[in-house]
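The following pair of complexes shares a single chain, subunit A, combined with subunit B in the former and subunit C in the latter.
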Partner chain A sequence: MKRRNLFTRGLVKENAVLVLMIGLCPALAVSGTVRDAFGMGLAATFVLLFSNVMISIMRKKIPNEVRIPVFILIISTFVTIIDYVMQAFQPDLYRALGIFVPLIVVNCMILGRAEAFAYKNSVIDSILDGLGVGLGFTLALTVMGAIREILGNGTFLGMAILGEGFKESPVIFMILPPGAFLVIGVLKALINKYVKKETQ
Partner chain B sequence: MTSTKNMVLTLLIVAIVCSVVLSFVYSYTEPRIAETQAQLTLRGIKQVINAQEFVEIIPDTLWKAVDSSGILTGIVFRVFPQGYGGPIPITVGLDLNGKITGVRIASAAEGLKETPGLGVKITEPEFKDQFIDKCAPEAQLKSDGGEIDAITAATISSRAVCNGIKKGIETYLNYLETPIDKRCVFSDAREFVEIIKDTLWYALKDADTIGIVFVGFTQGYLDCIEFMVGVGTDAKISGVEILYSSETEGIGEAIREKEFLNKFKEGSAEAITGATVSSQALIDAIEEYITRYKEYLK
Partner chain C sequence: MKNPALIFLGAFLINNIVLMRFLGLCPFFGVSTAVETATGMGMAVIFVMTLASWITWIVFNVILLPLNLVFLRTAVFILTIASLVQLVEMFLKKYYRTLYNAMGIYLPLITTNCAILGITFLNIDNKFNFLNATVFAIGTGIGFMVVMITFAAIRERLDLAPINPSLKGYPISFIAAGLMALAFLGFSGLFGLM
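Showing the complex of A and B:
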């Protein structure tokens, strides 16, 4: 497979959230606003990228029997790092994301890439793969966050863009939990209709 | 055997490296985290009361607000009443009369769990600024006999805020002990330095001692009279305040009147007709105290 494809396939064609349907928990829970969704996406991308790199570097040294505990150790180390850093420099974002930052540890997207890709491929390839999947996750969350924030609160990144009148009485439903399911369903349908046909 | 050893060794090494890395990251971010937390809290309490400094009394819950001379100007407390979706973090400022100076309710990003679009309207000024200048009994919804308008379709959240604030005031009101404001008797002074605990202070202005302030007692007609006096270095009285007295109502209590107390400043204080015992006791006592503290006036 061409190196370029390693990066791009994670963005849309094999998008973790919208195509593979993994990592849904944070995607549904923290996509209420663009800021939260983007922050969550970047945090997960950071962990995914660095755990991919570390695991790829050590892949020949890790005995097969203990590979999962080693993966978890490495992943949780990076999650703890991002947890501390976010707490120190982005306290508002940290409070908004709450429990979903520590929960990146058990995000199956990250463990999945470690097991399915980084453990078997070179460092360069693992970087491309981690970046592609991570940014695909960020993209999916940000799009969901944008749709939900614009319709549900009348704002984008906190700025009123649909006029003050709309901000007074927005579609509150979109910001509530059911809105997340609706948005992810519609996005999934769109992806199925347009992207999958192209690839066939 | 080799493979078992290998497994154990790999896990051990990975675990050790991870913990070392984490301890470095922790030692680097820990002071920053504490600082950010403190700033966030301070930012919150500064929004509800105007004061120079805050003294933490109960960690994360109660602060005393003091001005630059260290005189109490109010308190700030935090309460977390149960709302519709979870606890509502509220910060309230109280002035010395027990009236609310400001209310701050955490936003959704800071952990408010009320319904978006409905319950979260409690954070908007239209609602929370209604509390300003109210005291505890008034800080209730109109339907509960108070003066606060509830938010339409968010009565539970609105009522929770009112009850939380009311309960908080009742709990912490006793921290508003009437302060002995030394500037009442020495308006020129900017700072006071304690010489004898709760009894005698130097009055300072631009680092110069310009006089003393003391608290004294004397036996009145019925009970003890506690008073505070400011005296300049020229031995002139700058002000007298009665801190405590329970003299005969309407007669002996005349010693609290400004007309009488102001005469001390001119050095022409004389006994009040009808309250001779109380007023004479005060005049004599002040004279005696000034003689006693004379050496501090040099």
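Showing the complex of A and C:
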């Protein structure tokens, strides 16, 4: 496979959230605003990228029988790093994301890439794969965050874009938990209708 | 919010783990295809969640806190839960065959279930004592099971309903879950709990 495809595959065609339907918990939980969604996406991308690199470097040294616990240890190391870095430099964002920052460790997307890709491929390929899948995750979260923030609060990144009148009585439903289920359900239905048919 | 009864109700209804906190969505959508499997999974979650809350509470308060090793929390908790699930599986297989048959196949799935790890973190973040942590875990587990079974029943009906092909499967399940979440939103504010 061409190197460029490694990157674009995870970004669009095999998008973790909207196509493969993995990593749903953070995708639904923190997509209430664009800032939270984007921050969560970048944090997960950081962990995915560095754990991919680390596992790829050590792939000949990790014994096959204990690979899963080793993967989990490597992933949790990077999760702890991003946990403390965010707490120090982005305290507001950290408070908004809550327990979903330490919970990156059980995001099946990250363990899945370690097992299915980084353990078998070179470092460069693993970097491209990690970036593609991670940014695809960020993209999906940001799209959901944008829809929910615009409709639910009338703002985008905190700026009122639908006018002050809308901001006074927005569709509050969208930023509450039910809105998350509704948005991803409708997005998935649109993908089924317009995208899947072309690829089949 | 220190009253155990209120903590139980809060965990069970008001902050329902699946519909309000968005934890444990993978088994919620993955295993809820029939009422029997949903019940087995729900039982396994209640069981492991309670055990995991006890063990991680003890590990955190007896080992990590006195030794100033709080930064190891994430790594220690996930490894503790993974080994706990393995141990429970072996124990049930040997001594409680009927129980193993009822929920054995769901146990390995639970290791990477973010609901379990999430609850152990919330126990610590909320600074619960041992009793409250137990009540919180049981309430959350029951909340998970009730929602799982209800949702499985809805999905069994949805399979028979005439639905637009692009909505079939995941999309309509998400929308149904959204409507359930909307119904659960009605519980917020009950007994002054948020």
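As a working rule, the second predicted complex is superposed on the first by the 200 of 200 C-alpha atoms of A that agree within 3 Å, B and C clash if a C-alpha of one lies under 4 Å from a C-alpha of the other, contacts with A are read in each partner's own complex, and residues count from 1 in each chain.
Just so we're on the same page, a residue touches a chain if its C-beta (ideal position, glycine included) is under 8 Å from a C-beta of that chain, and two chains touch if they have at least 3 such contacts.
These numbers come from a predicted model, not from an experiment.
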item	value
A:Gly145 touches, of subunit B and subunit C: first, second, both or neither?	neither
Which superposed partner A:Thr80 touches (first subunit B, second subunit C, both, neither)	both
Touch count on subunit A, higher of subunit B and subunit C	C
Contacts of A:Phe181 with subunit B and subunit C, given as first, second, both or neither	second
Touching partner for A:Pro69 - first (subunit B), second (subunit C), both, neither	both
First, second, both or neither for A:Phe89, with subunit B first and subunit C second	first
Partner chain(s) touched by A:Val105 [first = subunit B, second = subunit C, both, neither]	second
Subunit B and subunit C contact sites that coincide on subunit A, given as residue numbers	69, 73, 76-77, 80, 84, 176
Touch list for subunit A against partner subunit C, complex	21-22, 24-26, 28-29, 69, 72-73, 76-77, 79-80, 83-84, 99, 102-103, 105-108, 111, 173, 176-182, 184-186, 188-190, 192-193
Partner subunit A, residues of subunit B touching it in the complex	3, 6-7, 10-11, 14-15, 18, 21-22, 25-26, 29-30, 32-33, 36-37, 40, 108-111, 115-118
Subunit B-touching residues of subunit A, taken from the complex the two chains share	32, 58, 61-63, 65-66, 69-70, 73-74, 76-77, 80-81, 84-85, 87-89, 91-93, 95-96, 98, 152-153, 170, 172, 175-176
Complex contact set, residues of subunit C against subunit A	19-26, 29, 71-75, 78-79, 82, 112-114, 117-118, 121-122, 125, 164-168, 170-175, 177-179, 181-182, 185
